[in-house]
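Presented below is the structure to which this report refers.
Residue numbering begins at 1 within each chain, and the chains themselves are lettered A, B, C and D in the order written.
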Amino acid sequence: MAASTDPLAMLTEVNGLAAFNRWAGIEVTAADEGTAQIQMPWREEFGQFTGFLHAGLVSALVDTACGFAAATLAGTSLLASHCAVNYLSPAVGEVFLSRALVVKAGKRQLFVSADLLAQWQGQWKVIASGETILIRADD
Amino acid sequence: MAASTDPLAMLTEVNGLAAFNRWAGIEVTAADEGTAQIQMPWREEFGQFTGFLHAGLVSALVDTACGFAAATLAGTSLLASHCAVNYLSPAVGEVFLSRALVVKAGKRQLFVSADLLAQWQGQWKVIASGETILIRADD
Amino acid sequence: MAASTDPLAMLTEVNGLAAFNRWAGIEVTAADEGTAQIQMPWREEFGQFTGFLHAGLVSALVDTACGFAAATLAGTSLLASHCAVNYLSPAVGEVFLSRALVVKAGKRQLFVSADLLAQWQGQWKVIASGETILIRADD
Amino acid sequence: MAASTDPLAMLTEVNGLAAFNRWAGIEVTAADEGTAQIQMPWREEFGQFTGFLHAGLVSALVDTACGFAAATLAGTSLLASHCAVNYLSPAVGEVFLSRALVVKAGKRQLFVSADLLAQWQGQWKVIASGETILIRADD
């Protein structure tokens, strides 16, 4: 799928094709050239053993937002190469939101940065940050 | 929960407390002082948009195996601080297996390394590697 | 050394104690609560095999700026735990400048982010980004 | 420079072209298809403010060993994309040695892992681990 002229429509379509994203209830809430934002409401099945959001879902949100931001510039012929996440605060919330920004779109690869916020009792708080590297795989 | 004399029994109990791990069908298949191994059979709901295992689940498996290996030495009063994953090969398989090893158990933090293997048509292949840093949070 | 009331004076003193920083000609050019900025003019000895700035010096600048930013909040009883650097563009320049910002100063650890800019023919360009995790080691 | 039939001779030549490596006294002590080993004796100028080996030099050694291991398989038309280092133990030693291994040599990128050992009073100890991602840049 090539980069579309309407990033939000393109990402919404890609998001709908991902079975895991549908299961998790991830929605694309904003997108523009080089940026994307996704949201996911909390559910009980997302918990790790103390009931916080599982680190895998923290990573999934960061990785998904980063991949979506990259796709607004480079389409979906991209391979994720690396993802790193810093867990800044306990992952507790009613809604989780990840915002990603392409830091550098090079000839061969894209560097993307994201944060993850949790909404708890009406307040948003940054609970994680992360980054991904994606490789262009058009050929 | 303190580190138990039977690492596998301790991790099996912790794993059972994590709602996400139950949903994903993650099982602890081996554990010893400083090591842990988990498995997860493929399900359709785990796919990203091209049908491979979602990067969030790759990270979830790496992170879970690393946390479990750390817990065999330090109990469960641990906070994940950082997780990084390298996606080495396409994440396609019928079963996924992650093996983690504590590289260094320090006074304040533990460094843990893991790989992730996929079984496909009877062959096992390493598809990702990763590492986590966990902080002791006993006090 | 405890966090001082004058971050720039404190960091300048710490910087002067580091033999490598003196050799490399690193200077602290700005500092405030949670931020630090350092500069280093290019010298021939800094080159890798094609003559660009050696990746080790890219990392050294990112790591130093991050450590200094952390020290403005937490003093110098800190242990670096992790440093990751993304090489965004070729490291060519007459002067290099790294700006670091503490993303989260927790009870046990600090997360710090930095970029690295190169000045070339009067233009500044971001050539790398990075992050470090530092552990408080007061006890 | 293409990958040579004698990895050690090729790396020794590349190493000699890097001004920073000459300044630091880095030597290539072993190499084979997909592996490389370098050494560097301690000097006073390598110190950070408490006199340990500066984190920038820790990163420089890890990054250099990884790049050299990659070059044994892919030649020197490689761009470093990412380097991450974990500081496992205080970097004190009379000699430092880094061993790198290519984990995966893909069509577009190589993943390389390394450790860093310090020799102190006749004993070798692992003091850091790290990894790099390098992109093939032949075209």
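A few points about this structure:
As a working rule, a contact is a pair of C-beta atoms (placed from the backbone, for glycine too) under 8 Å apart; a residue touches a chain by one contact, two chains touch by 3 or more.
Since the model is a prediction, treat every value here as computed from it, not as a measurement.
When the CA atoms of chain A are superposed on chain B, the rotation angle comes to 180 degrees, reported as a multiple of 5. Looking at B-D and C-D, the interface holding more C-beta pairs in contact is that of C-D.
Chain geometry summary: the mean Cα position of chain C and that of chain D are 21 Å apart. Here the spacing of chain A and chain D, counted between their Cα centres, is 33 Å.
As a whole-number value, the distance joining the C-alpha centres of chain B and chain D reads 29 Å.
The set of chain C residues that touch two or more partner chains comprises 79, 81-82, 84, 86, 133. The touch graph of these protein chains is complete, with an edge between every pair of chains. Chain C contributes residues 84, 86, 88-89, 103-104, 106, 111, 113, 126, 129, 131, 133 to its touches with chain A in the complex. By the touch rule above, chain B contacts chain C in their complex via residues 79, 81-82, 84, 108-109, 133, 135, 137.
Residues 14-15, 17-23, 44-51, 54-57, 59-61, 63-64, 67, 76, 79-87 of chain B touch chain A in their complex.
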